[in-house]
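Here the chain labels run A, B, C, D and E in written order, and each chain numbers its own residues starting at 1.
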């Protein structure tokens, strides 16, 4: 077995020197795979991604323990710009596109670390191939685009940097079902065609598990369960709390939820 | 800081606020050197009736509130007299000064401060008031104008003034004089932050200006002179400055353009050789400075302090207790105090706190302020 | 609005409910047509879901209803008032409250203060009594505090009452925002993607609250949501927008079977998966 | 942020809404009051005068903080509003013979009105755009003060710089001369202002102000009439600023526009930013910081020259600049250490000791 | 559906309406504004008797307004740059200018630099020196003072720039004192050396002549008491400003660093995630802004009576300019600068006399410093983000 592309070993993250958010978290991401990271709100998923990409500092957070190893190098003390140059690119939660720049300028900003302008132009063509809708809107100010288009732009911007590892934070947030499918289809394509490794954080466990090669489930800053999608979908808790299925395998009805309530086993 | 030398007697405390770092720091600094220099010289020469002067002074950066705080602090420390500086602080303090009975001299010569019977019984003006300066300047210009066979009715004077009460304070008196003599006048303000006065000069030109008189400090005045030269105005008209811009700084800043500019100078420039320059310049020598560098504001500070100390000396000489009231009374008894030709002799009376009402008009010749008139004295004229 | 000291609000104080009529509303931004002649009605007491692709104009429609946007054409009538010509701050007085797609809480205030702000329109005392506080000002505060505590009970946020909302987890913030709207005691509640970014468990909680509010407090609800499971289960009727046009309106069942809706919004797979 | 002690239970909403000081806070209040009472007994006139400047500045800073810190409307027009307060109280006493305490109150109301007028652009303008629009207030008011005849103190028909007003007297004490009497009077007013503003932010009006700052669109949808409340914020803020201005006029009895320039506006902004935006105590800390620091630096310079560490002759001319630079450096360092101001610093220290020795 | 309903009668509604109208027709709007200014000035010209007698005045006010406007534009550009990248208004900008001016003084008078053997042309190396030194200083300031505050509330950063202004003031005072330093000595060598060689801009038979001694162009205008003179230094100001500003516009619009700067202004954290070094961007921004400030300071000192401590007052005049043009728009700084420059001149020329003649108590009033603010407020009511400013995207 080869070394994983990225591995987090027992990391601890603290915000504002007081709030302990990640409490000894370990995950591995193998090259060329899509790895999903699932978990409730506030479990620390975004924090994990920020710890990898070096974006904790502006939020007053820091990795206080453990190590983050990328291609055999310890990166948990590097600054964000250096990490991007090493080939890790994070697509942040909530899209975070540059609202006052046009689509094309957003993409050019994504290619900031690209030294060669010709290469940047080529990447832009690739992005437009994946997202023809961006091509149509390239002169539009990005802030006025719809949520789905903004999400496309955010992913497109990641492609511009030609990374080896993309950290995707909730790409389906606020998207319509059709678009969710489209985005995930493209994510899968990017993974296959470009060979980009993807670490994916998602609330929509259904779709995440359908594209992922491996998945982790986090609660309260720790990994509580991991395995292949097949393993996980077999787990009763996952079925109930992440996939929303009843024992019989039907989807639970939201109308009936008020009549019963069961706590997760691993929490108690 | 406190300047004073160990002497026999109990020190006499005098408070002072200076502008070293504020808006008028360029002229405030040499003035302060003059005041400090005089104290130093007096102390080195036996003090006042054997008692040393202790000058309790601070920079107030031309900020009225700071001046008030310092005043209270210094009075607390027991000063018997006070040297102020600007118009704003002098006027803000005059009520307190009257209440505390502290004789007060500043470098603001606003005529409104001469009010011994009313609001400002403890304020004394050593320099000729701005109003008097303006009237004397107008008188001189008018005389020249008529001497050149011109009709006074054709004389058109524009007052360029600092956009503040300091700038406007003499204008009404000047206008009154102008009306009496059939001269037309106009006011043009010089707003702060200006990089060019061409628009203002254009207005003056439209008015058909024949004479410009500036009531402002030297730096903006120098810019005005240069621009007037560029404009082509200077060749045709007379240009005059009242005391805060008629100094060596103006010549340095405006260079050749300053040639021929007139100045109403209550304190003689450093280039006139009168006895009053000797002691100050000897003191400067000892302290590695020169009279040229020090500018006339140095002698201005020096001699203003000298007048104040004279009041104290008279009080002590008369064997009176050193209170503000006594110093005031003694200041009011000063007649024809000789400043060695730097100013006209100083006389105060209980109902007039203007030290004199006369001065000499100077003009810039070859880069030097040169006397252009005899002493013009409004007291004798009245 | 009177509230006796010990009354539970939903017993004595059933909010006034009216029918909302959106008539022929068109809205455009520069060249973009966000809404094109949209007409629909929402009956008192129902849960109406609005769905549609991203950028279809759902949020814009909500913004029109609460007067944040002024449609170029059309009327929106509620309680005999044309909302198009009303100012946003007058809507709460008509009993209309809303939440936002991207949480818009007052992040430096505590949960309690956020909810108390929901009572703003019901508070009549002026700035002078405020400044004096003791007396009428204080009595009014206490009076409204009682109402707010009911909301807190309903939404199960007792434990975070005094916390600053900015530091709360996302799911809780969504709940507080719902509580803030509810504190206004509205007759019509507009919810913009209340469950976005939540996992199944949290969605279940949220669905429970929404149903409670609708059934027990009797509040009419208009809901925008992308999770079809939720929409199908809890709404009485569903309106579908696409490119600013209303392309379908009916019961969840009818809408789900509508080929236009499948094509524009659900996608073939999704429609099948849901079955 | 405002963690309260554990184990405090309340049996009614009324008691929960009390300003419930903890034991520590009670001790602090007692200590502060003790200092306030003892100070005039031990201090000399000069120190009391500085305290009086602090009191006036604190009232003005609280006013500004209502607008900037609580409502989020940045204002560079503080100097103008101080001036309106000062001049209107002065003109009322001088020309209309109104007793000065009434004039002070009227002046505060007048300033509230003028403040409201200059608040109108806030209908459309936000952030720094609004800030510069309030700078317009500064310029316009300054222009009027400088040029409008009735405002120049007319004295025997001769325009002077400063406007002199009659001496304010109360129970036989002359406030402009008697620093102690002014101190007592000022402290009482400051306490009243603090209580009133604290109350304001416990009730719906104050909450609406904060809501506008945090998220104005949401506030509007919650039924807050944004425009009305912004104007109200301008009015309330200006009321206190006007009060400070009027007190300043009564304290000094000679006022001129040179005291109300843009530098003053900036100084007040400095107070509330360094003290802590959106807090009452921050306004007071800031007022102390900005008023005392220059005095302190001066005393230090004085001490150094007197003790002959520095040569008086050489340094006399440089000291003012060094002091000015040190003032700037102090501001910069304070903000770098704690950008949210002294209040935050103080809070962090408290939290540190509360949790000590367990940091998390 | 009646059309009357959608028009709300409220003030807000009316303003909204006007705003959308003007937003859609941006260019017409600016043309209209200039039109109004020009026509307005002309009308005033007609009402003010002395001005009528003297048509040359209008020419003088206008060309002088353009020159002043160019200076203001250059001053404003530095402020705009910093705002664009960091959302901060730099209150130390005027002090940066002052420092630039003193550096120029040091070069010209203390080091006596000259160029092509002509003293006056020493301005060229002095300008380069001021720009370079100020650029380095900008980096230093960013490094020491602003970097620790990255990500902190904007208003705290603004306050820090105010502290900085105090520090620079103190430094200048310690080094150069408070009196003005000038190098403005009429240089005849320039006339002989350079001006003589510059080819005539105007044809021989034109009414415009050149005065070789001062370098000024002159034109007789009928009814004028003396010829109108265009000082050559006003021409060079306009040239320098145009070059600097055009360069900046292109930089921001098309260069990689320029786009990165705008991205950083939008969302610092997201920029970090692109691999953009926010620190470096800030350093570049402060450095460029300080450079433009240095150049502006030199120009202000050269035309406005030397290096002096009231130069920051010129910085204050730039506030209405940046707001009028839009805080984040370089083009806005130019339009705003020109408008304010012209307004100031027309205020002196036409409004002051009107006031003075009609109100006895305003005999000494100058409206130069208030008229820009009054106009500014009126325009802001219609365009709350200035003429060219980007509207903040606020969607809920």
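Definition applied: a contact is a pair of C-beta atoms (placed from the backbone, for glycine too) under 8 Å apart; a residue touches a chain by one contact, two chains touch by 3 or more.
Fair warning: this is a prediction, and the values are worked out from it, not measured in the lab.
Student: Any chance you could name the chains that touch chain B and chain C both?
Tutor: Expected: D, E.
Student: Which chains, if any, touch chain A and chain D both?
Tutor: C, E
Student: Suppose chain centres are the mean of their C-alpha atoms. Which chain sits farthest from chain C?
Tutor: B
Student: Measuring between mean CA coordinates, which chain is farthest from chain A?
Tutor: It is B.
Student: Higher C-beta contact count, C-E or A-C?
Tutor: A-C
Student: Measure off the straight-line distance from the CA centroid of chain B to the CA centroid of chain D, and report it in whole Å.
Tutor: It comes to 37 Å between the two C-alpha centres.
Student: Approximately how many whole Å separate the CA-defined centres of chain C and chain D?
Tutor: 41
Student: Report, in whole Å, the distance between the mean C-alpha point of chain D and the mean C-alpha point of chain E.
Tutor: Each chain reduced to its C-alpha mean, chain D and chain E end up 33 Å apart.
Student: For chain D, which residues are shared contacts with two or more other chains?
Tutor: Counting only residues that touch two or more other chains, chain D contributes 217-218, 320-321, 323-324.
Student: Please list all residues of chain E that touch 2 or more other chains.
Tutor: As it turns out, chain E has residues touching two or more other chains at 12, 170, 173, 316, 364-365, 369, 395-396.
Student: Considering chain B alone, which of its residues make contact with at least two other chains?
Tutor: 20-21, 29, 163, 168
Student: Could you please specify the touching residues of chain C with respect to chain A in the complex?
Tutor: Checking each residue of chain C against chain A gives 29, 32, 51-56, 101-102, 169-171, 193, 196-205, 207-208, 211-212, 226, 228-230, 233-234, 264-267, 269-270, 274.
Student: Which residues of chain B touch chain E in their complex?
Tutor: 20-23, 25-26, 28-29, 161, 163, 167-168, 171, 186-196, 198-200, 202-203, 205-208, 218-220, 222-223, 226, 230-233, 236, 249, 252-253, 255-257
Student: If you look only at chain E, which of its residues touch chain B in the complex?
Tutor: Listed in rising order, the residues of chain E that touch chain B are 50-51, 53-54, 57, 60-61, 64, 67-68, 71, 170, 173, 177-180, 182, 184-186, 214, 216, 225-227, 229, 231, 300, 303-306, 308-310, 313-314, 316-317, 344-345, 348-349, 352-353, 356, 363-366, 368-369.
Student: Can you name the residues of chain E that touch chain D in the complex?
Tutor: 11-12, 15, 83, 89, 91, 145, 148-149, 152-153, 155-157, 159-160, 162-167, 169-171, 173-174, 316, 319-320, 322-323, 327, 361-362, 364-365, 367, 369-370, 373-374, 376-377, 380-381, 384-386, 389, 392, 394, 396
Student: Taking the touch rule as given, give the residues of chain D at its contact with chain C in the complex, in rising order.
Tutor: Going by the criterion above, the answer is residues 1, 4, 12-14, 16-17, 196-197, 199-200, 202-208, 210-211, 213-215, 217-226, 232, 236, 278.
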